[in-house]
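Before anything else, here is the set of structures, which you'll find just below.
Heads up, the next two complexes both have chain A, just with different partners, chain B and then chain C.
Let's look at the complex of A and B:
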């Protein structure tokens, strides 16, 4: 698995939000994106996910150009900004509905994924009754469910308690053992040190070269 | 795709808007039925009893005509204001269940969850199918229920053209069905209304990105229908047979309904809607959440 980003540029209403991004993500590693608010972390994730289109440059996923050879990465799990699900459905029902779209995910896998992030799959509460932390956990569960090749997590530990952070961290680390690219945007430096194999610092829509470790 | 369609249809029928639209439509239908029973059916029957008991001859009294189902059905009954009220609210009721769903899902980011698991094309197609079916259902159910309940006390007979009680004349569209096959006439119009209910809901989807609030998205089809109605009525009277507000009403109030005009208007609506929907969503960025 390989994501190659070449001279990526994104302009929204005349404002350049990403400029001259060049980077290659390879499988089996966890990448940590950091930088101040508005530096372009989320925008970069949206571009990799195919949710927005670049103004210039290309994103190649396994040598296929995103937006040209494919409209979306074949196998991707995303949690960008706030986790949103259907209010009138339980956590399990929400995941089941999404999993039904990917026929490869079994009911047992959904249950396992929910347990992995510390949620009870038998919980009958509907999504609107979930606490912020539970919503975040469900968002992570949706992103990692089915073990996609690319996982993009934007602030995954937001609103999660200390115990939860450990559980989530472990779940993410377990996924990294395979040939998979995980990109995490995170403000928590400690968590970033624990999770990320490679850290990328962004500033004003660019990757700051010197800060790449 | 089949699963996605099933999910969208299921979702569209579990929204609050679906239940509200259904309740409003059925309330109008029930009120109309009660109103008709009290104000038309009972006095008419009393008159009938009087005619029978008094033994009036035709020459003295005139001919008494029994009330037929299409005189009593909300779709073609014109004695109460319910028909006009229902067809005035028709576009709004149709758009309520799922017309605003794209606005909501696009804005809150749920669309990203869906699109990352299927393609954009499939997502938009499934959304349109969900809106179409839920929009059609909420206008069909009150009409159908009203027809069934009305048929419980009014005989399912055609209206006699000589009675002068029919809103339809011999020249009007599907007049032979109206006079001879009332059930088929009602069913045909219910099918037309189902289709237009669905199309009105899809209009909301198509204009989703033109507005900054969900209320405008949902209200747009009604505003559009009203503008079309008054615009065509006063500015282009010769094109009144293409007026959607008239096309959907089985009472054929303007007497201008024509099958060819209906087909043309429907084809044009579907074509324009598809075009707007495709252009509006082609390569649209899924940006920041609202």
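Let's look at the complex of A and C:
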């Protein structure tokens, strides 16, 4: 698994939000994106997810150009911005709905994923009754369900208590054992040190070479 | 897989918004009461009650295009009953598409990798919403006629209609009147809803509702045959006594035109969702 980003540029309403991004992500590693608010971390994730189109440059996933050879990466899980699910469904039902679209995820895998992030799959509470932390955990569960090749997590430990951080950190580390690319955007330096194999610092829409985050 | 998308849209975009349809019921009931009360004199004079068909005509009568004449000194007035029905439709469509695009729909698009399924499902949802919406108008009319007069029929009372609307309905068959009051208003509703959805995807919900309101007012004012809402007004299928230059709309052309316009909007929407950086504008 390899993601090659070449001369990536993104301009929105005349403002350059990403400029001249060149980077190669390889499988089996966890990448930590850091930088001040508005530096372009989330935008980079959205581009890799195929949700938005670059103004210039290319993103190649296993040598196939995103947006040209494929609309979205073949196997991807995302948690970008606040997790939004169906209010009247339980956590399990929400994941089941998404799993049915993937077809390759079994009911047992959904249960296991929920347990991995510290949620009870038998919990009958509907999503609108979930606390912020539970919503975040469900968002992570949706992103890692089915073990996708690319996992993008934007601020995954937001609103999660100390115990939860431990549980989720372990779940993410377990996933990294396989041939998979995990990219995490995170503000917490300690968490970044614990989770990331490689740290990338961004500033004003660019990757800052050799910077220590 | 597309079935999952449709099921999701019907649940989240129709059943979830069901309270909004109460507004439509209120508008329809008030429209029925107004017709009943304002025509009391003629009902007594001719000894005939309004039929279900005539309540439908009342819903979608609309108005003739505005024709300024210095002699008459007429001012432009919007047909409130008619316009309200389409504004409430616009409210029922609301900002669901945009909310879904940035909410659970985003996960569905990424997981299925099919923007096209998402859009096709939205088109089907849009048609279903319109069918339900216009069926509800007729259900309210049926209920009102049944409660008020004890019998429901599709009779046409030409004299009663002429006295109230000033339009000669004598030569027009019941079948044609049903097409004018049931099919064409619904097709115009589908066109309006698709237009609204596309604008809301490109810009935002409030812009789309403002655009729909403007389109409705323009259609009330002008009699151009390419304005889709003109086909949702029964008045436009008849000659205008004040303005002999006005050429009435044709039912056949209206059906073809509105179906074609719906298909065109569906294709435009598909291209917008597929090619345009729809997420890029809003982030």
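We take it that the second predicted complex is superposed on the first by the 211 of 213 C-alpha atoms of A that agree within 3 Å, B and C clash if a C-alpha of one lies under 4 Å from a C-alpha of the other, contacts with A are read in each partner's own complex, and residues count from 1 in each chain.
Keep in mind that, in the parts below, contacts are C-beta pairs under 8 Å (C-beta built on N, C-alpha and C of every residue); 3 or more make two chains touch, one makes a residue touch a chain.
Here the structure is a predicted model, which means the values were calculated and not measured.
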item: Room on chain A for both chain B and chain C (clash or fit); value: clash
item: Partner chain in contact with A:61 - chain B first, chain C second, else both or neither; value: neither
item: Contacts of A:52 with chain B and chain C, given as first, second, both or neither; value: both
item: Partner chain in contact with A:78 - chain B first, chain C second, else both or neither; value: both
item: First (chain B), second (chain C), both or neither touched by A:119; value: neither
item: Touching partner for A:98 - first (chain B), second (chain C), both, neither; value: both
item: Superposition clash, chain B against chain C - the stretch among 45-53, 153-161 or 261-269 that is involved; value: 261-269
item: Footprint overlap on chain A, comparing chain B with chain C; value: 12, 46, 49-53, 71-72, 76, 78, 84-86, 88, 97-98, 100-103, 142
item: Contact footprint of chain B on chain A as seen in their complex; value: 12, 46, 49-53, 71-73, 76-78, 80-82, 84-86, 88, 97-98, 100-103, 142
item: Chain A contact footprint on chain C (complex, rising order); value: 1, 4, 8, 11-12, 16, 102-104, 106-115, 277, 279-281, 283
item: Residues of chain A that touch chain C when the two form their complex; value: 10, 12-13, 42-43, 46, 49-53, 70-72, 74, 76, 78, 84-86, 88, 94, 97-98, 100-103, 142
item: Contact set on chain B toward chain A in their complex; value: 3-4, 7, 11, 14, 108-110, 112-120, 283, 285-289
